[in-house]
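A quick write-up on the structure given underneath.
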């Protein structure tokens, strides 16, 4: 298998997998090491930058995935696909943010932060597959601990939890009066 | 004030509080408690009119605000001499706790904003239709690809029978615990009756003569919460007389009778 | 929209469409005539002939479709197989049994019977191709209904669901101790 063929096969694999394709899996199938696969992926991505290409390659949830370029979304919306877009209420988004950044976290902790009951929101997020029970807290009542799922990473286009946007510690700046 | 809060905008009491503080353009450390409390309660008042369901969550924070405000009004005890009563120490402490909570909340609100940005960016990218994930089997590999199964179809049948039998066992009878939800529900009910009648006796809040003790306790707790929030006032002619309750529309900022 | 951008959008549309994209639909979305769309499609197809590309464009009865090049099929087959873990856990098996006999069935109904949460197990069974979403229940929250797949039938050697051994009057049989 020459490098150009390897690239072609990698493209085909990523396309056929639909879901993000883990680099190690691609490496196993191609019989190459992961660094080589990553390099090939970079080349595919670079090719996609041509103005006549409508797709691009991204790393999401620890895998490689072909997606359309964001600027063409208005045209794609006319396809009328029922699965999109993912929408969340502000309350759901707030709850999800607390879980994403603090996991594992219990319902009581989320309620303490948000000041409201979150039973319904949690249920909804769980139904949609963005969060799961990841264990039990070693505390009275053994409350359920929640964490985010791989689907969460996919839906938000994140490579991994380490890829979550950093939170600025703005508290200290607030000591100065704002104008 | 000439400004109207839009009701649906807030995801909860912390969100509202943060909004009010930010509108004042002051540091979270410097919350003008009196003004914020007033505005907060005014908002709460509009909530009563609209949706009794969400009020109980907002009441808890209202009670805290009022408590801080009240304790700040109490002159600081002189340093010397008698041990300072705990109640007066509570104020600054509660305030520090509230500031801390607001800071934490603010951090996650920002996190939510960032997640929204991620979501929007991702929503602008289309993946292939998920239903396309049908991989062609390699020639002659169809059979081999079948997974190993720990049971056959009869085993599967037995499993279902067993499970269905277990799930049809009668539920053990549990004692009903005084849950938070029933307290919240009762708070709403009490408020509703008070708003309708303006004034009534505590006993009138109880469903019927000789109500279960639990009912009395929950109703009393509900009244206490409302007293704390300054939404009702309570009177007693003599120490053992019936508790008379009055609805305090909008005057919540004045602290009703606590004792 | 210049021709190169039109090509990019066309590629994105074909990629994201649920079914082969009819030329007239593409033309409508792009605001171009069908002949132009066909010409653009030809260009995309020509580009795909490069040896480092793994995809190609086909026009099938219904319209335009991106597919992997046929010579890479053996690699793609490995993609499928590598996915498949070996054995089912007892929890997965119990859940699968309930779905098989009660389909279409919602998560809540399964949880009712098993007395535990089944979120993760459902996800696993779905990933492995034993169950699929078959619809939505006409109830508050419109919960997802699950059913078994072809693969389930094949794996258990059944021709159809009608071949499942009947449960027949389980109440009476169950009175006798099971061995």
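Order of writing sets the labels: A, B and C. Residues in every chain begin at 1.
Convention: a contact is a pair of C-beta atoms (placed from the backbone, for glycine too) under 8 Å apart; a residue touches a chain by one contact, two chains touch by 3 or more.
In this text, all values refer to a predicted model and were calculated from it rather than measured experimentally.
*Asks:* Quick one: most central chain, C-alpha centroids?
*Replies:* A
*Asks:* Just grab the chain with the largest centre-to-centre distance to chain C, centres being mean Cα coordinates.
*Replies:* Greatest centre separation from chain C goes to chain B.
*Asks:* Starting from the mean Cα coordinates of chain A and chain C, work out the distance between those two points in Å.
*Replies:* Once rounded, the distance between the two centres reads 21 Å.
*Asks:* Using mean CA coordinates as chain centres, what's the gap between chain A and chain B in Å?
*Replies:* Here chain A and chain B have centroids separated by 30 Å.
*Asks:* Please compute the C-alpha centroid of chain B, do the same for chain C, then give the distance between them in whole Å.
*Replies:* 41
*Asks:* So which stretches of chain A touch two or more other chains?
*Replies:* In chain A, 15-17, 66, 68-69, 76, 81 touch at least two other chains.
*Asks:* Residues of chain B that touch two or more other chains: which are they?
*Replies:* As it turns out, chain B has residues touching two or more other chains at 126-129, 135.
*Asks:* What residues of chain B sit close enough to touch chain C in their complex?
*Replies:* Those in contact with chain C are residues 126-129, 131, 135-138, 141, 145-154, 156-167.
*Asks:* Given the complex with chain A, which residues does chain B contribute to the contact?
*Replies:* 11-15, 25-30, 54, 57, 60-61, 101, 103-112, 114-119, 121-130, 132-133, 135
*Asks:* For chain A, which residues are in contact with chain B within the complex?
*Replies:* Within the complex, chain A touches chain B at residues 15-19, 56, 58, 65-71, 73, 76, 81, 83-86, 88, 90-91, 93-94, 96-98, 100-101, 112-117, 155-158, 164-165, 167-171, 174-179.
*Asks:* Along chain A, where are the residues that touch chain C in the complex?
*Replies:* 4-5, 7-13, 15-17, 21, 25, 28-30, 43, 47, 51-55, 66, 68-69, 72, 75-76, 78-79, 81, 126-127, 129, 132-133
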